[in-house]
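Following this line, the structures themselves.
Each of the two complexes below includes subunit A, the first together with subunit B, the second together with subunit C.
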Partner chain A sequence: MGLAQHFPALIIAILLGIAFLSPILYRWARKTSAPALITALSLSLVMGIVLLIQVHQGGTFYYHMGGWPPPFGVEFKVDFLRVYMLLVVLAVSLWIMVYALKDLEHELKTEMLGWYYSLYALLVGSMAGIALTNDLFNLFVLMEICAISACAIISIKEDRACLEASFKYLILSAMGTGCFLLGVAMLYMVTGQFNYDLVNEALPAAVEQYPNNMFAASSLFIVAFGTKAALFPLHVWLPDAHASAPSPSSAMLSGVVIKIYAFALFIMFYQLFPRPLLDSIPLNEIVLWLSTAGIMFGSIFAMVQVDLKKMLAYSSIGQIGYVFLGIGLDDTIALTGGFYHLLVHALMKSMLFMVAGVIIYSTGIRQIKQLAGVGQVLPLTMIAFTVGAASMIGIPGTGGLISKWYLALGALEVGRPFFVVIILASSLLNAVYYMPIIVNAFMHQETFEHEAKPVPRQMLVTLVIGVLAVIFFGVAPGLTLTLLENAIALFF
Partner chain B sequence: MDEATAIAVILFVILFPIVMTPVIMSAGGRSDKLRNALTLGTSTVTFILTISLYPVVMNGEIIQLTLFEILPDLEISLRLDILSFSLAAIASFIWLLCTIYSLDYMAEEHGGSRYYPVLVFTLGSCLGIFLAGDFFTLFVFFELMSLISYILVVHEETEQALKAGYKYLVMTIIGGLALFLGIIITFELGGTVSLGVGTIIDEVTFLSFLAFICFIIGFGMKAGMFPLHVWLPDAHPVAPSPASALLSGVMLKTGAYGLFRVIFHAFSVEVMQANNWDIVLGVLAVITIMLGSAVALTQNDIKRRLAYSSVGQMGYVLLGLSILNENAITGAMFHIFCHAIMKSCLFLAAGAIIWKTGKRLISDMGGVGREMPYTLGCFSVAALAMIGIPPLNGFLSKWTLGLGALDANITVYAIVLLISSLLNALYYLPIIVPAFFEIIGEDKGANAHAHGHGHALNFNVQDVAPRMLAPMVILAISTLLFGLSPINVQFELSQITSWFFLEGGIF
Partner chain C sequence: MEMLIKVLHNYYYMAAILLFVIGMHTMLTHSNLIKKVIAMNIMDTSVFLLFVAVGYTYGGQAPIVQQGKEVIYINPLPSSLMLTGIVVAISITAYALSLIVKIYRYYGTVDYDEICLIRSQE
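Moving on to the complex of A and B:
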């Protein structure tokens, strides 16, 4: 194996390394900083693919940081689901970065670009770490890095709305991390371990002695990850933060960052807590109803928005609900659907935010009302919007249908058709707020009166890639679903 | 024709129009002539190839073919049987005629470069619905057709059209989601949604009832069934007339087709009758018939009246499906044929009147028949067929449906048929009679001089061009031909369909 066995650590090292280099490169060799970041992201993506091949050939394996086995050292675990998460994070962030290179020039002050690259690499690196780590304390550290860099890529725009939103995000996010730390402390108190597997082994014995510790820890975890992933009713920070941020940041935050916490909650429930203990507390039921409320309210709030990016942000609250719905239903098929939706939503929501970015770049419009007729000047962009919206609604041929199919099938499998109705009702709501935009964009009678700057080809190409990806995952979901089914089977 | 060729033909008729869509779109940018020729060529080729499947179907072969699996046990597949063929044939026939009609009609309208590609694309997706081999494939094509035909509905881009289009869009999505729920429950209960396995659900539980209701909502919405018909009277009239003819004449039938498949494939006649689901359908059908006809009476806009009439007429098909005996199914199936022919003829004629004179209101149409005798002649024939005057085809379908109702000992249904025929007469005759016999304008003055004696009804013929007239004439002749002719292909197909479903075989 040679070098390849160090890939789990190398991915993170490369990304954190480039985070340190970016500002320096930007200061002294400006032209190389962007290509360096792209190279680092591509390189880590390639390594991620190699990891997938390794897992496929040799099954789950562990990586000990510095050669120290647990409980002394930090351990990384590489299994199907983690590699899947890793690949989603790396691929989507590479894709967004390609778009961002053009968009940021327009949105940020020039001297800020180097810092943005640095923060971006830090964010991606920490998320890759969250995906792979098998250690509670390490997870805490990575969550902090992730939270701070996420706040920073919002506030970097330095206007009033951004600062306000990122401050709100920072406070709530810190509260979330605080809850997590408290939960970890509860568990550490009774088990003396940080490693997931060791905690898992020690818990059944410890719980007999201290029954309340695990209950407290589990509820703290729901609050912690719920806040970070914008699970209803802890979503209050999200609309402001995602709407005011620069478009690539919005795409990144809505598309990827909230997902990684949903994944982390899944790991807590299904890997950290022993199954019999998990069944003794109605945790899944809580998540299930919160996600249902999120799905409905997210969509309802989205309907009344006048700002395009704010609407997309509220829509994210509804959509992250689907991922949690999969966790809440506690069924392999529903989980497959939830995690498939995680990927599909990462693609389509990022794409929609990019579309919003292109519209702002070209015409400066943010209000939905003013978008009437925009299809005349930005046809390709609005086609991308149409495909993204179609996938949100779950039109056949797009990825959204497949994830809804699996979620609905899972809900029926556990005998709860009510949640199928919820899924469909929210699809209808999605249609109600996405359709008028599309219709107005293309079917407007008067000519479009705002000026429209030409859009750089690089931005359009990323949109086209997004369209193709959304359609690809709607038409040929087979491989990904097989991967996910194998991945989730390991947790049952 | 062997099976391999038949499969190739099936694939071709679905994919050819879809593939031609971008070609026609790009041709539209260069020359209108080329675009029109391509559109005409596409629908002609599709029609001829669809018809060429006739011997295969009449041999009693059922072709069921899986193209690929999209998810485990969920596939994209094709199926050709007697029902698929019948609907595909009538759809491509009407499509061809409407395309010919469009050539002149759309020449002076805007947005032809958008209209023709959409027309062709919906043809492909419509044939996809009829030739789908499982409910999922059917659903995919159903959504494609419904969403794309939105562009036809709002073609005029007036405020009224956009409003109607929005209503259409919302209802379509509700219907699509209901279908999705129905299909997913069917899949969960039966493990498959293929049309090739016979009855998928034979146990009756809450879930299977839910699935049934969802299918009724999804397909009933498309078929304009009460209380989901609300979009139809708005959406059909605002479209350009040839598109209205297609929407009312063919696309409504996809809903009825879906219900055929649901009743005979997802469930079975026994399940339907054992749980009184047929009565649910029957009651809805009666309300649909009565409501459609009654509201049509009150409409003054000719296209709106026709659209409401469509609601009532689709009720007949639903009624036949709820009675579920040999005559009733034959009647329902034959009425699908009849209504496709009659209603598209009526819409094309109404379109010709509007195109030529600009008159949309029935109260203004007095004397129009003397200017456009051929158009109004076709209109009259089709309207009489609607009323059910022998020997036109509408009579035959009502007769068969009535027989079915009496066979099943439900006299009420037969009475409903009679009352609705009366209503049909009440709203169609007031269009025809004044159009030929009312004296207006200059005529009136001239006749006053003649002391009211011997009204000279002056014919001042300014009818539409032959390319618009021909489709109407063909359709009008068809109503006569398929009502009178001793070798009535459509009626035979309907009878065979009925045997096929009720007795499980063609012969």
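Moving on to the complex of A and C:
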């Protein structure tokens, strides 16, 4: 084993370390700072893959920070689902960063770039930590790091809309973490533990004596993670924040950051709360109906938007609903679909935001109306948009179909065909707002009247990778689905 | 009556929850951005109070081992964790205040309603 057994801690240490080094490197050795960040991200991705192989060979294992066993020290747990989440975070953020290196040059002031790399590494590091941690208080600290760096990569652009949006995001996410910490206090009062497994063991006895604590904690957790993951009535911060941010930040926030909180809520429900207690409170039912409302309203709001990035942001509210739908349906197949959607949506929504970034970079257009005929000048970009939109709608051959298929199967399995109707209706609504853009971009007769700058090859290559990935996960989902089925079976 | 005695015995929990609700309500309803930040701090502090109260035992002492004495110690874990919590709350406050400074430079006001008004007139 040797060094390999320390990989869970090393992944986070490397990312937090590079966050510290980036501004220094940018100040004194400007050329090395971007390659250093890319190297750190690739290195942690390789470590993540090694962790996957370890879990595949040896099953779930634990890592004790500093060698201290659970009641005293922080514990990391490495199982299939956590490694899957870790790989999604690391792979997608590496991919976005490759794109961002070019795009940021024109979106930000030059002297800010080093700080952006620093914040980006902090964000990725904290999300990797959230994926692996097995300790409630550690989760709280990582969530706060994640919240601050997520707000900061919006406000770093320093225009009026960004500042206001990131302040709104900061206040609501502070409310979220406040609720989370109060929930943790409720659990700590009766169990005296922070470790997930130990809380899980101590809860049944504690609940008999103090039944209200777990009600309070579970509802606070729904509010906390719901706010951060933009579950329907708590989504108000998302459209402004994701639409006004620099495009790479939008891709990161919409693609990965909101997903990690959905994952954290899943862990709370299925690992922290004991199963019989979970069945006695209709928590899943609450999440189910909120996600259904989110799926419908997200799509309906998206239809009336005139700004391309705002439309994509509202569409995220609908799409995160699918992940919560998987949690709400409380069924292995639906959860497989939900978590598959988490991966596919991370890919396609990041790609769509990158497309929006390329369009802004090249032509400066944000309005949907002015996009008519843009396919003539940016053909490859709009093909990437088409593939992403097709996946959103769930057209065969793209990843979006597989996840919706599994969610629908799961809904049928628990005997609730109503949610199949919801999935179909929302696919139809997605088509209503994505199709006109594609049709307009390619079929428009007159020539495109705006000037278009040439797009750097690096940005186009990342889009091509995105297209290939979305199609790959639509055509060959077998391996990932097997992994997810094994991963989720551990929680039942 | 029994309920009332229970509540009176645990008055510090009540205080913490009351502060939490005050903080949350102010944070979400007041339009002044500075007041929002103050309310955020009240909310965080209430949770710290709750945690520290959980760790306290009546007549307990600071957990420093003294040779040859049997004494009751308070639980040091919540207090030490709340130090981390305070640091986190401070960093969020600092960041929020710096954002407010920038917002004030752009809009000339720290009132959210006025900012919305300015934005809608553009």
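In this text, the second predicted complex is superposed on the first by the 492 of 492 C-alpha atoms of A that agree within 3 Å, B and C clash if a C-alpha of one lies under 4 Å from a C-alpha of the other, contacts with A are read in each partner's own complex, and residues count from 1 in each chain.
Just so it is clear, contacts are C-beta pairs under 8 Å (C-beta built on N, C-alpha and C of every residue); 3 or more make two chains touch, one makes a residue touch a chain.
Predicted model only: the values in this text are computed from it and were never measured.
A.B. asks: Please indicate which partner A:R160 is in contact with in the superposed arrangement: first for subunit B, second for subunit C, both, or neither.
C.D. replies: After superposition on chain A, A:R160 lies in contact with subunit C alone.
A.B. asks: Scan A:A408 for contacts with subunit B and subunit C and give back first, second, both or neither.
C.D. replies: It touches subunit B, and subunit C stays clear.
A.B. asks: Touching A:S427, do we find subunit B (first), subunit C (second), both, or neither?
C.D. replies: A:S427 sits against subunit B, while subunit C stays out of touch.
A.B. asks: Report for A:G178: first if it touches subunit B alone, second if subunit C alone, otherwise both or neither.
C.D. replies: In the superposition, A:G178 touches subunit C alone.
A.B. asks: One more residue to check, A:D197. First (subunit B), second (subunit C), both or neither?
C.D. replies: neither
A.B. asks: Tell me which partner A:P417 touches in the superposition: subunit B (first), subunit C (second), both or neither.
C.D. replies: First partner only.
A.B. asks: Tell me the contact category for A:L170 with respect to subunit B and subunit C: first, second, both or neither.
C.D. replies: Once the two structures are laid over each other on A, A:L170 reaches subunit C alone.
A.B. asks: Which subunit A residues qualify as touching subunit C in the complex?
C.D. replies: Touching subunit C: residues 137, 140-141, 144, 147-148, 151-152, 155, 158, 160, 163-164, 166-167, 170-171, 174-175, 178, 181-182, 185, 188-189 of subunit A.
A.B. asks: Mind pulling up the subunit B residues that touch subunit A in the complex?
C.D. replies: Residues in contact with subunit A: 69-71, 74, 139-140, 143-144, 147, 154, 157, 162, 165-166, 169-170, 173-174, 176-178, 180-181, 184-185, 187-188, 207, 210.
A.B. asks: Can you tell me which positions in subunit A touch subunit B when the two form their complex?
C.D. replies: Residues 393-397, 401-402, 404-405, 408-409, 412-413, 417, 420-421, 424, 427-428, 431-432, 435-436, 439, 443, 445, 475-478, 481.
A.B. asks: Tell me, which parts of subunit C touch subunit A in their complex?
C.D. replies: Listed in rising order, the residues of subunit C that touch subunit A are 20, 23-24, 27-28, 33, 36, 40, 43-44, 47, 50-51, 54, 78, 81, 84-85, 88, 91-92, 95-96, 99-100, 102-103, 106-107, 115, 119.
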